[in-house]
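Given below, in the form of structure tokens, are the structures.
Same chain, two partners: subunit A is paired with subunit B first, then with subunit C.
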Partner chain A sequence: MKKPKGTYILHVLIPLIAIVLGVAVSFVLIALTGISPIATFRELWKGAFGMTGKVWPLWITLGQSTPLILTGLSAMCAFRVGVFCIAQESQYVFGAIVAAWLGVALSLPSWILIPLVLLCSMAAGALAAEIPALLKVKLGVNEIISSIMVNNISTLVLEYLVAFPMRADAGQKAQSAVLPQKLWLFQFIKGSRWGVSFVIAVLLAVGLYFLLWKTSFGYEVRMVGQSPRFSQYGGVSAGGVTLGMMAISGALAGLAGSMEVLGNYHRIMTGFSSGLGFDGLSVAMLGLSHPLGVFIVAILLAGIRQGAQLGLQINLQVPRELGGVLIALIILFVALENIYKPHVEAWVKRLEGGKTKAAE
Partner chain B sequence: MAEIIRFDKLSKYYASTNVQASNEVSFSIEQGEVHAICGENGAGKTTLMRMLFGMETPDSGSLLLDGKPVSFASPSDAISAGIGMVHQHFMIVPSFSVSENIMLGNEQVSHGFLDKQEERNYVRDLSERYGLPIDPDAIASSLPVGLLQRVEILKMLAKKVRILILDEPTAVLTPGEVGPFLHTLTGLAHDGYTILFISHKLQEVLTVADRITVMRKGQVIGTKPSRGTTMEELAMMMVGRPVVLNIQKGPAHPGSVVLKTHDLTYRNSLGVTKLDHVSLSIRAGEVYGVAGVSGNGQEALVNCLSGLNKPTEGSMELEGQDLTNASVRTRRNHGMAQVPEDRIHVGLNMDASVEENLLMGFEHREPFSLHGILQQREMQENAGRMIKAYAIFGASAESPVRMLSGGNMQKVVLARELSSKPRLLIVDQPTRGLDVGSIEFVHRMILSQRDQGVAVLLVSVELEEILSLSDRVGVMYAGRLQGELEGKQITQEAIGMLMVGGSV
Partner chain C sequence: MHDILSVLSLNLLMSTIRLTTPILLAALAAALCNKAGVLNLAIEGEMLLGSFVAIVVTYCLNKYTPLGVVNPTLSTYLGVVVSILFGGVLGVLMAWLHTKWGVDLVIFSIAFNMLASEITVFLMRAVFHQNGTWTDSSIVQLPTLAGGYNIIVYASWICVIFCMILYRATRFGRHLKAVGEAPEAAASVGISVRNVQYIALIAGGALSTLGGSFLSVGHLTLFTRDMAAGRGWLGNAAALFGFNNPGGTFLASLFFGFADALALRLQNVTKIPPYMIQVMPYVLTLVILGFVSWRAQKNAQKYQL
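Here is the complex of A and B:
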């Protein structure tokens, strides 16, 4: 007997259809402004994944995708254990704060200090994630509401810190001191932001795949996420597994914040996060809560954003917000999957039925 | 009587599970009859009804209504053609009142506003006309299951259907509700309704049906008038081999005490005493049956023993070891296994594969896990062995457990629980909703465990089951152990007395 393949095909088809529909609608929108949609999308592609110039746009896109991969993995971990935690933003911010603080406060050789800073940021992210997780496990508090509150707290803490205790100068902008250059993370191509943090993110994606599908802990995580009562009956400590996985989730978002500070901004300022935590949620959902999906979607979203900025705004004078519109449309079409899913399902089934009959 | 429905060589194949659920099914239903469709779980009864109700499209063959070929794209097509279906799982809005549920999609409007009074009157008329009394203003969530089913039937009658499909309607009813319910069905048939009644409870089928069609593995075995047909005959047709309806068991050879509870008491978070000082002991090699009307503390007893609830007072020990406050995992490691009452939500994970469901409880044990890494090959081989040994029909290691029929799901649970070689086996309502063949299989497994020296705690509301399997019986009433019976004392009358709080 063969594995039912239909479900896998379906899982991949839905986001693909959403992307195609999103592109199609943007096509119309662009045509309405009088600019050629084909030229626009060519520019968008060149700006996102082009391989020309001193610093290839592709390198920049890969650099931009790094924090998205990590926050996407973070959201994925929460979803897999059945916690709809949307506090990646706060974990990301707390991770960044710890990095900006320790990076300036401690003076140790960089080969000790960099790993130390990264680990402490991960711990900070993990602690931030445990707030909604503990409230849910111990008291049954809805994690969406508690996550929203933790997100607000983190934004305000950041604003206070950069405005007062961590403020670097009396200048107009509230920002912290620049980290010493020895802590800056290595970049493969100067000015691309594509560096060692990307490699770490990819390794973590592979590691998480292994953890979730090849280990006993990962099995328990998936069972708790799918059916808490079943796992409790089977002897799994559902609360413990949830807290454990949420710590991993928080650590990933914290690491994203930390590596953005060490590798990219080298300091923190008000409005430090451009919503990367929230983007992680979209990435995880579009990526079907699978590490490979998260990896692909993170690069795609980073590319659209980058292409809109580089290609459209600069070369075609099309507002870069078009990138945001395109992303929003894709997410919208994923959310609307219930409308076209039955048709796609029927179509896959027919295709499958035809195949099995042919095989007989 | 005129023929109203004819199935003509209807076939349906599910590629995802590789099951031919319906194989050239042909038979006909007559106007105004109660027609029962019997068969084991997975025989294709429900698939056939889903095709009739427009929920599935047949691969080939045709469906004739009043002699004319029809094809329904959706249930609403079927309803407008006069066919209604009451599902096993009710489709009811819990926060709505009875009349709101019944009138949903069919609301009475005056001047653009809902006319609640008119709806109430309509529902009251309807319920009186068909002898299905119900309070139109009761909120659905406050009603017991038996009444909810009545709401479902009224809902279909309000939609003016002529043919009523009932998918295992008595599975959710208490023994007391079954009789009146069957009576209602006969009444409806007298009024000219055609009733299609899916069941595998042979006694009921013989009581209520005019004709009975038996299905097996997607095929029709035959249609018989219920008059002159015996239970054994039907059972034979369903399983294709003689079934021992009252299983024969040899004498028990009880060994040392395995489970011992002392004044086990459980109060829930509201302070209500669910389990009240229960002391019992079970020996190796005996089946201890817990009888009682459901809701008299059986659930609390099982949960305290399995570790899902912490007892408020009292203690329990397993082979001399105190496990009163031990975790579920510790208990399992000490040789406890459990077949839970609710296999859909507790006993299995519907979203996982057969292989993953079989792993639960073993995910940290060798050979399935080495240093925390899962051994995929071992898991696969184990699943293959289990599917063969327990004859889990229609399954591969990777197929989702959701695709299996009820009986095969229960086999997955049994396969997993027995593979831990338990010393104490707790089985809670092990045959609920199963067909004759699966019931026999489960009963044989329980007795063979007993004969291998396992202490078995059997909780069941089916008196027949308690009587035919138990060596000793404890009867629960209001959270207490009302009395214990042994050997010759175990009679239907004695248990009945204790069940309602009396004494023997």
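Here is the complex of A and C:
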């Protein structure tokens, strides 16, 4: 059975409206600080998707979007199986820890070591994801609350590791040793952070699309996500499917952490993740839990963060937190969709009605 | 051995109580909302905004008062009061969105916490041109009263006792329980689910911002980015750890505060890493949550026909 076209339009309209409203509110906010909002957004755009200079801002944005695509896909996997897991942060951190540890501890040829490190990080992320998943499936513990606990635990574990056992130098900064250069992932343009990991992320997005919509496992996942009890009657082991999908979800976030270590920072330090998990969550929500949506939104959000980081503060004295404020506002308006959804629905219906009449 | 003994001192007790206060207020807020059947994850953000509002209002009253000179101590008190009112307004907003529009408070809270964290720094930069920490010499700390603590500490204890009485001995307490456990049943006997949730979210917001103002003008006299630093989440954990009862919540918060104080103290006195102790509250909360759910599941099986 095919859904009527209107529902698709409606699905896409809601995030678009949220973005417009978010931009509108931040417009007002910037105007209140006495700076021209138009100039601000022009600068933001230039800093995010500009194609000038030695290293184009666009390349940097694409590089920054890599972990967001992966944590977004990770959140998407959890949402699709009906688990509102917000522990991407912890999976990301554990993946990064394993990468920074194994990368220094093992001395193997790089063609074995890199895949080995990536796989171990994925396993670490998957294990971290199984904590809230097992607690939910076996005991019925609210996954949101357990996710928060796991997130906090991972932050403290990271801080402990970089301050004591993995600390590289006795200097001011608590950080681990730099990985040997042979492990650094290839970057397309030097200094852009845009490299091989982006390609892997895109391939995984495509792979997940096929997994979710073209395989029987994907069908089971979506069925469990929509109605676990119904799927149970249909002969699907809801618990098993949930645990399996959560392992995939964790592995994706773990991979994100690992590739950020190998391809970008080459070490871990305190504050390594800085809210990346929550950004992944935002990406999945705004991207309608669809791989294509996740891909587009990840680039958009990375662009907002990057654009606010680069020129805004220096050229216009607009605080660089504008990027974060804008993202938060957009998600806020996604959360408030119930308020404007009926109007949009009516509008779409009227549009559809008009079209069919015209066709007659 | 000497090291370990020197850790336990009166100083430790004092700092335990000081560090407990914001966690306790957040925990009481979380417990109240849990009891009313709304999972309030915005406490962290409410706390952060509360500490920002308290210090900014205090500053403004010192600087731009139309009523002549205000005593700096009085303006600090007024800052706290405004912060509490602000928390109440946030509660009204959340309750309105939840009861009138059916907004998913979990997603709302995630966005709200993010917004709180970013907008406080945004405003700090835009208005005060500071990026990490902001303070002003005109701001006076809340004065310590008899007993060595400021009014918010005592207020938090009074809130515990008040909640005990409220839950056990009042009509509202019974309504709260009914709404939290079976909203349909409560509605069918004429209890207004809406009103109960309104009150819980308003009081929860006020308690959270009170805890926040303790951080900025009670404990210190400055605002730093992400000042709440996870205390709101600790409050959520403490409420669950204490089974949402005021007494249990109080003990859980005290334990978390003690862990915090001990971690700080160990850092100064010994070489034991503080993180081991700081991680305990979260691990224990996970264990407790698992245990509670396991017991509930077993009970449910036992009573099944």
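One rule holds in what follows: the second predicted complex is superposed on the first by the 357 of 360 C-alpha atoms of A that agree within 3 Å, B and C clash if a C-alpha of one lies under 4 Å from a C-alpha of the other, contacts with A are read in each partner's own complex, and residues count from 1 in each chain.
Methods note: a residue touches a chain if its C-beta (ideal position, glycine included) is under 8 Å from a C-beta of that chain, and two chains touch if they have at least 3 such contacts.
Nothing here was measured: the structure is a model prediction, and the numbers come from that model.
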item: Partners on subunit A (subunit B, subunit C) - clash or fit; value: clash
item: First, second, both or neither for A:Asn338, with subunit B first and subunit C second; value: second
item: Touched partner set for A:Ser231, first subunit B, second subunit C, both or neither; value: first
item: Subunit B versus subunit C as contact partner of A:Gly324, first or second or both or neither; value: second
item: Partner chain(s) touched by A:Trp56 [first = subunit B, second = subunit C, both, neither]; value: neither
item: More subunit A residues in contact [subunit B versus subunit C]; value: C
item: Interface residues of subunit A shared between complexes with subunit B and subunit C; value: none
item: Complex contacts: residues of subunit A adjacent to subunit B; value: 1-4, 6-7, 214-220, 222-223, 226-227, 229-237, 349, 352-353, 356
item: Contacting residues of subunit A [partner subunit C, same complex]; value: 29, 33, 84, 86, 131, 135, 139-142, 144-146, 148-150, 152-153, 156-157, 159-160, 163-164, 275, 278, 281-282, 285, 318-319, 321-322, 324-325, 327-329, 331-332, 334-336, 338-339
item: Residue ranges of subunit C in contact with subunit A within the complex; value: 39, 41, 97, 101-104, 106-108, 110-112, 114-115, 117-119, 121-122, 125-127, 131, 230, 233, 236-237, 240, 273, 275-276, 278-279, 282-283, 285-286, 289-290, 293-294, 296-297
item: Touching residues (chain side subunit B, partner subunit A) in the complex; value: 13, 15-18, 59, 306, 308, 327-329, 331-332, 338, 340, 345-352, 356, 359-361, 363-364, 369, 372-374, 376, 396, 398-400
